[in-house]
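Below: a set of structures, written as structure tokens.
What follows is a pair of complexes built around chain A, which joins chain B in one and chain C in the other.
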Partner chain A sequence: MSNAMVEVWSYEVTSSVASIDTGTILGATYDTYYFVGTNISLQNTVSVRLIPKVSGSAKSGTFGNCANYYQLAGSGAWGTNSNGSYSTRDFITHIGFNVLSETSNSASNAFIEATIMNSQSGTHNTYSIGNSIGCVDTTTYYSRHHLVATEDNTADVYDGFVIQPDSGNINKGKFKIYGLINS
Partner chain B sequence: MKTREEIELEVIEELETLKPLYMGVNGQAVEYTDADYDWHVQTRTDMLFNEQQFGWIAKRQEEYGSVQEQLDMQYWDSVNGTTTWQDHIAQVKLNNPKP
Partner chain C sequence: MSRIRIAHKNFEVAKDANNILQFDNVFSDRFSAYEIIGHNISAGENPGTIFSMSLIGADGNVITTSSYYSVQTYGYDNVTTSTTSVQTGTYFRYFSRVGEEGSSNFQAVIHTPYESDKYTSFFNTCTQEISGWYYSFVKSGIYQNAERVTGFRLYSDNLSYEIEAGNVSVFGIGG
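Take a look at the complex of A and B:
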């Protein structure tokens, strides 16, 4: 049971930042990584993106596919957001879809998580599943649960991530990455 | 509809109003490097261009509402002889036109 889940990186936002760079903290020691963010507040009501880094640089352009669903806690109704290959910018993203801004709801402390698989393989694509909650709709007062599955359609080997809202700053939040399974 | 190059120019102009941007690194908030600013321009341009090209799909999906809600509209339309569902779908398409 030793080393079942090992923290490899953490960052607490104490002064607003536009993005967070994990540095090169991923490696062959672990097959699977778990990302978690708690008590997140954003400047704008937007999604939070978890963008892979390869050879020390954050990826840009189109390189993946995304299936993204949300559920309103009050009604249980499911909807979809940004599915399909057209949303390739959203790889491992929208995990915090529509995290409300602090001005929209001062109590909007969102929770987001994602499990990233195959990121260290140079022959297989990388996949992830993610969840988020705490995204309160100020009109209906429903919390909004998001579930997202993504794939990077390249075999890039990741060495880190950049965490970035679609626009504006991250005003608050604690972020951590854990290595889950020893290679 | 804007070209990708036109959107990129708008992003560059917008960025000038946003500077300085800060990146959280090793527990510190440090100003973006030139490379970070270049990356910001590329990723934001990609995002806005994709939204222009394909954002209408997601917006329509969301505004249509659930299948249950639409079936309920259709049931009451059949009972009352109204066109609520048809009007709703038409309005969503009108609100979110294909580019």
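Take a look at the complex of A and C:
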């Protein structure tokens, strides 16, 4: 039995970048891809988007039907971002909402994972289910566990991604994408 | 390589107060994140036992600094949900939960434990049967002190009750 997950792309941020373009690394070999980012530090206190690429270019406009919830290590209650303004977005998943910047707190960082399904179908939509955890502050909410489920409401076939903060740079982080063997 | 199993324990704990399951030296600079999977876990005397976590420091000792923050949300009986406000303490009180005989399972991610300049955070989804109800918990938290963590300890936070048996594995993610 070979490994069920095959690495198709890897990138480590060692000096600050505004965005990361994976190139055209997705293909029909796999129906499902697993994206993971570890030890991510940001210049600003923002979210980071995973924007799909089609025919070599990043998608634009609002195509992502996004349902997202978070759990704060503070109130404990579930919350949603901005009263549903995240219902339609331009990303397939994101690192949840205002991870405390490395500038504000050098020990702050974030983790993200997402399973992306059906991105190679030209007849069915793409779906993503993801988790992230990051530092929020040191006095009230401490950490935020974010769960994001997204539908791309088109049948576009993806060939890559752009990883991009809402503003500022990614100072640090290791990103990988794996293909899950079909059978 | 996608993920590597680093450690596994198939355990049975004797009926005394020493119901600790400890994983030493499982974290390293090889990975920044780890998946911890537990299954078929039992607590015979109290099916609702809290399954807590303490972190092990670089010196091999349990870290007892009061910088652990954890929360939980859960649902059961199809309609009932509840949340618990943050627990601040000297361990992650809300890491997981143990139910009736062999019914408890969890899947957790722990992030940057080994990085001495970063906080250590986790999230966990766990399921179990307690007193005839099927529960689903989501728990998360952060150890907000930048220091190296090399392992962890799982235990009931009420030593009058025991975690009796089960399986726990640790995998490196994304290295």
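Heads up, the rule we're going with is that the second predicted complex is superposed on the first by the 167 of 183 C-alpha atoms of A that agree within 3 Å, B and C clash if a C-alpha of one lies under 4 Å from a C-alpha of the other, contacts with A are read in each partner's own complex, and residues count from 1 in each chain.
By definition in this document, a residue touches a chain if its C-beta (ideal position, glycine included) is under 8 Å from a C-beta of that chain, and two chains touch if they have at least 3 such contacts.
As the structure is a prediction and not an experimental result, all values here were calculated from the model.
Superposition of the two structures on chain A shows chain C fitting alongside chain B with no clash.
Judged by the touch definition given at the top, the superposed model places A:G61 against chain B, while chain C stays out of reach.
When both complexes are overlaid on chain A, the residue A:S19 reaches chain B alone and has no touch with chain C. With both structures placed on the common chain, the touch criterion links A:T115 to neither chain B nor chain C. In the superposition on chain A, no contact is made by A:Q43 with either chain B or chain C. Minimum C-alpha separation, chain B to chain C, in the superposed model: 8 Å.
Overlap of the chain B and chain C interfaces on chain A: residues 77-78. Chain A contributes residues 3-7, 34, 36-39, 71-78, 106-109, 111, 113, 131, 133-135, 138, 142-143, 145, 147, 174, 176, 178 to its touches with chain C in the complex.
Interface residues of chain C, counted against chain A in their complex, comprise 1-3, 31-33, 69-73, 83-86, 109, 111-112, 115, 117-119, 121-123, 138, 140-142, 144, 146, 173-174. If you check the complex, the residues on chain B that touch chain A are 18, 21-27, 29, 32, 35-36, 39-40, 42-44, 46-47, 50, 53-54, 57-58, 61-62, 65-66, 68-69.
Taken together, the chain A residues at the contact with chain B in this complex read 11-13, 15-21, 23, 51, 57-58, 60-62, 77-84, 86-89, 164, 166-167, 169-170.
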